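Chain nomenclature is as follows: A, B and C, assigned in order of appearance, with residue numbering initiated at 1 for each chain independently.
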Amino acid sequence: MSTKTKILELKNINKRFGTVQALKDVNFELTKGEIHGLLGENGAGKSTLMNILYGLYNKDQGQIILREKVIEINSPLDSIKNGIAMIHQSATLVSEFTAVENLVLGMQRSKLNLNFKEEKKEILKLQEEFGLKFPLDIKVKNLSAGLKKKIEIVRAIYRNSSILILDEPTTALIEEEFKQLLSSLKKMVSDGLTIIFITHKIKEVLQACDRATVLTDGIIQGTLNTKNANKEDLVNLMFKDQKIDINASAIPLIELPKTNKTKEPVLSIEELTTKSNKKDKINLVDLNMEIYGGEIFGIAGISGNGQKELAEVIIKPDNIVKGKIKLKDKVLNGLSTVEIFDLRVFYIPEDRKRESILGQGDIKDNILLGHQRESRFQKSNILRWDKVKEAAKETIDHYQVKTPDENKEIEKLSGGNIQRVVIGRALLNDLDLLVTHSPTAGLDISSVKFIFEKIIELRSKKTAILYLNEDLDELIEISDRIGVIYEGRLVEIYTREQFNKHKIGSKMIGG
Amino acid sequence: MTKSTEDIKQKRTLWQKIIDQLKPYLLALFIAFFISGIIIGLLGYNIFNAYQTMLFTTFYSRRGFIETLIKFIPLTFATYAFAVPFKIKFFNIGGLGQMLFGATMTAIVGIALAKYNLSSLILIFVLILVALFAGAFLALIAGALKAYYNINPIISTIMLNFIALYFVNFIATTAPWKEPFSGHPMTKKIPEAAILPKLFNQIHFGIIIVIISIFVIYFLMNKTVLGYEIKATGLNPTASSVYGIKMKNTLMVTFMLGGAMAGLGGGIEVMGVHLRLIEGFALTSGAQYGIFGVLTALLCQGNLLGVPVSAFFISILLVGADAMQRTLQVPVEVVFLTQAIIVLLIVIFRE
Amino acid sequence: MDLFTKVLTQIVSYTSIYTLASLGIIIGGRTGVFNISGEGIMLASASAGFIAAYQTGSWVMGFFIGALVGAIFGFILIYIHQSLKINQFILGITLIILGTGLSDLLYKSLIGIQLFAPEAPRVPVIKLPIISKIPIISAFFNQDVIVYFTYFAVIITYYIFYHTRIGLETRAIGEDPLAADVVGINVKLRRYIATIIGSMLIGLAGAYLTLAVTGTYTTNISNGRGFMAIAIAIFASWRPERAFLGALIFAAIEVISFQQQLGSSLFPYQFLLMLPFISVLIIMWLFRKKVEFPASLGKEYTRE
């Protein structure tokens, strides 16, 4: 931060998606050699703004000024030529290629062969210099999310980028990895790099950034110097109109009321070992756990360590080679999803759009999904649409879904409203067990709060809740107990009194 | 008062909706006929005579109309063959093979049962079942190959089409089925009792079977759990499977349903039109019903309610095409091509 | 020439049809565009190529027009897919139907129905010196120009795919178009180029049917070979060198079952004619676990 020259300026950027104004007259300034936080809630427009700078989206209006020259960016190639690099939230590497192949990909060099001897030398030098080690000749699909992040950062340096955009880089990392990464980034900055750091976590801004710009609903709220700002200043900028108690990780503060757990466990898993013939699936190994009624059992872990497999094996117990899954006294092994749902179990999957809803179906279609064979909705296989309609209307009322009626295509609703329908569907019947995977992902703060309330309400009704989440902050907030999953094994279980971010975090990477 | 004005308003918006819905179709038709007009003109024929024949032969005479209905029957069935599996985004190009196989089995079983002197009612009922099952069976092969071995149904159904084509030829040229002194490959006649009765001495009973099938398919797809599961799978296979709908079963059931329709279409052709299995019976106006079935289904974008409508429209063109070739010597392929262009344009304009 | 060599020579010639067509499908497929319209392109090119060669008296012209027709089909496919975001399979099916209709219409209206089917000039056969004297191998080098072109096409495609940057980038697009886009590769343009070049090869395969195999045009001359080419591309896991092998196998099955049909009355000949189609199903079943697909195959790519 020796020189204070302006390197980049975005002026009056506007962007519209259909009827939604994603960005409105956005102005943004970047000083050479800083780490600049771009802070805002999910859906505030941070990624949209940066994707415009990177050329993946086209702006409707506005100017991009780089080193005092107006430039046109219509594709990533334009931004690469201008020394801009971007690392997206999930890796944009060709998973069938090795790290070297990925690093070389797209580089404008005239040489024809794919030997990469010289390239490897150069890359090894960069790895050494910034302490970013990863294997060069292994296919990327076999590497962890943390290593992929390193590859992408080295790729940016390898291309002599002068501006690096990092979009939520910590999603797949734990605290330790993040700290490591941060020291590498600081070294790069001292070598002349400028960094834009997109995040929705106030804590990370305070930890990593020199300055921070806050964006809400596509509008810039202001820029702060983090040296003389504190948490409250940022919170006030981020949640101007909302009175929600918030901690440093952008999660509303809640209190878990005291409840009595049931005496007997609702769900018990004994020595569960699975073997899937699909290549990209993690196998669960000797997994033991019990969840009691009235308890929220959190599962912590780096994404892709078996969370999805654990959730799915409970509602679809196949591929089991050893062990048992029991609901109260009933063994679930071998039952179908429909049969298990009949035992007062329901599931809210992780990926809302892909796994949870029928996008082009209306709210009725979506309410019915998973309940279609229940006797209240069908009689000798003829559907009772009038009952479905009733249930849909009740859900809309009870969960305050903002929609004209139950015939609205669900994908036309906002993320928060879609998730309200999904939760309404899950809670249509009284439950003994709810399995839910990151139900708050990508939602705004008031929807997150609403979902927390519903889950706590369920807890007080003595439902057992299995709560899988990659966000440790959120788990610590809402769980009674947390189990850490690592490479398909449940390596440790902590009770609420024992919660410690550092300890749990190191377990998550196999420590 | 206010309520009635609201009613009117709603009706108006309904009309608006219908017009909006129809717009791309009308535009596509207009442009396609414009293009085919150029082709017909370049070939040196009178464009207006050609259009007139192509579009209105159906309505000029009773015979034209009956002719149209007779093409409408197999075409509707062939269209369902594609449209039903298309509900879950799978392509059954095997309508032709399933139709051929349905017809072949109907002929074989019909000839075999000749000696038992069954009553017409029973015989026709049995043969309808045979046709349904034969078509469903052939389609199930493709569905199961996809469900269990991930073999692309586009390829498997087309391979089965060729297999069915040679099978027809085998049956139609081999004793004991073949007609002994015929130059063209064909089987003996099916027994008298198996022939579908004629309504008003004009159109065979198949028309009633088609209408019943249209209702059955509609009911099945919209009012039953199975129909919902098919719809859900089509909208989002991943979510459906997460929530307990068995993808493999749905896949195979839709293929069987589609195949059963095609098979029935083939069986009805044997029982109602040719009264025997004739090689090439599924050919009409420059192509097979199988291909037209795909075209017709794409024309209505796989909308099951639209199937009879677009099948009737294509039947009009097919009858017109034949008349055009007969009276004006314009090659039928012109119409075939026009239809392909219409479908291409509709697909484009719908976006 | 003994019978064995004669049959083998014919097999190699048929291999060319299958290789060119499946190579065309593979090249498009490696950028994620699944071009299933091969049957339609082959039919249209067979007809158009024949007419061009017949009218001009030049086989070169025939192949040129054949490739051009292929290019036009490829352009229609990729243009409509990319600009209007329409499903590749639906477009492919429509193009098959379009090609089928076009082939007969062109022939009927430009050549007409004649008592004796007119013949077009055939592709000249070139016997390579020395090599064409070695038994067995000779069958591969006593062939027409297009067969030699096929060898060349397989080798050059293989080399480009696995030994050049362009190949690396092409494969990257097929695996993950977003990952290719963010490193500055023009995904759209590359998909255009690959689809059109691929379709030209399929067009050559179509023209080859009339200009080398039969010398005349008949309705539905490709008889499902455009679909078999898709099966070969899948069997080959979208690798050019394996596609050649697959083509050789299918050509052998086709030629041999045809020869058998002429020779014996042991088996109903219809079942021999079914054999190529049945073997497609069997081979796809046998290799179901070994096949790999480019991950983005058949999927559209848009940025927003």
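One rule holds in what follows: contacts are C-beta pairs under 8 Å (C-beta built on N, C-alpha and C of every residue); 3 or more make two chains touch, one makes a residue touch a chain.
Everything numeric here is computed off the predicted structure, so don't read it as measured data.
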Legend entry - A-B compared against B-C, more contacting pairs: B-C
Legend entry - Centroid-based (C-alpha) most distant chain relative to subunit C: A
Inset, instruction - Could you please state the distance in Å, as a whole number, between where the Cα atoms of subunit A are centred and where those of subunit C are centred? - result: 45
Inset, instruction - Quick one: report the Å distance separating subunit A from subunit B, using the average Cα coordinate of each chain. - result: 47
Inset, instruction - Provide the C-alpha centroid distance between subunit B and subunit C, rounded to the nearest whole angstrom. - result: 30
Legend entry - Touching residues on subunit A, where the partner in the complex is subunit B: 312, 315-316, 336-338, 341, 347, 349, 354-361, 365, 368-370, 372-373, 378, 381-383, 385
Legend entry - Sites on subunit B touched by subunit A in the complex: 223-229, 231-232, 235-236, 238-240, 242-246
Legend entry - Residue ranges of subunit A in contact with subunit C within the complex: 17, 54, 56-57, 75-77, 80-81, 86, 88, 92-97, 101-102, 104-107, 109, 111-114, 155
Inset, instruction - Under the touch definition given earlier, write down the residues of subunit C that touch subunit A in their complex. - result: 162-165, 168-169, 171-172, 175-176, 178-186, 295, 303-304
Legend entry - Residue ranges of subunit C touching subunit B (in the complex, touch as defined): 36, 80, 84-86, 89-91, 93-94, 97-98, 100-102, 104-105, 108-109, 223-224, 227, 230-231, 234, 268, 270-271, 273-274, 277-278, 280-281, 284-285, 288
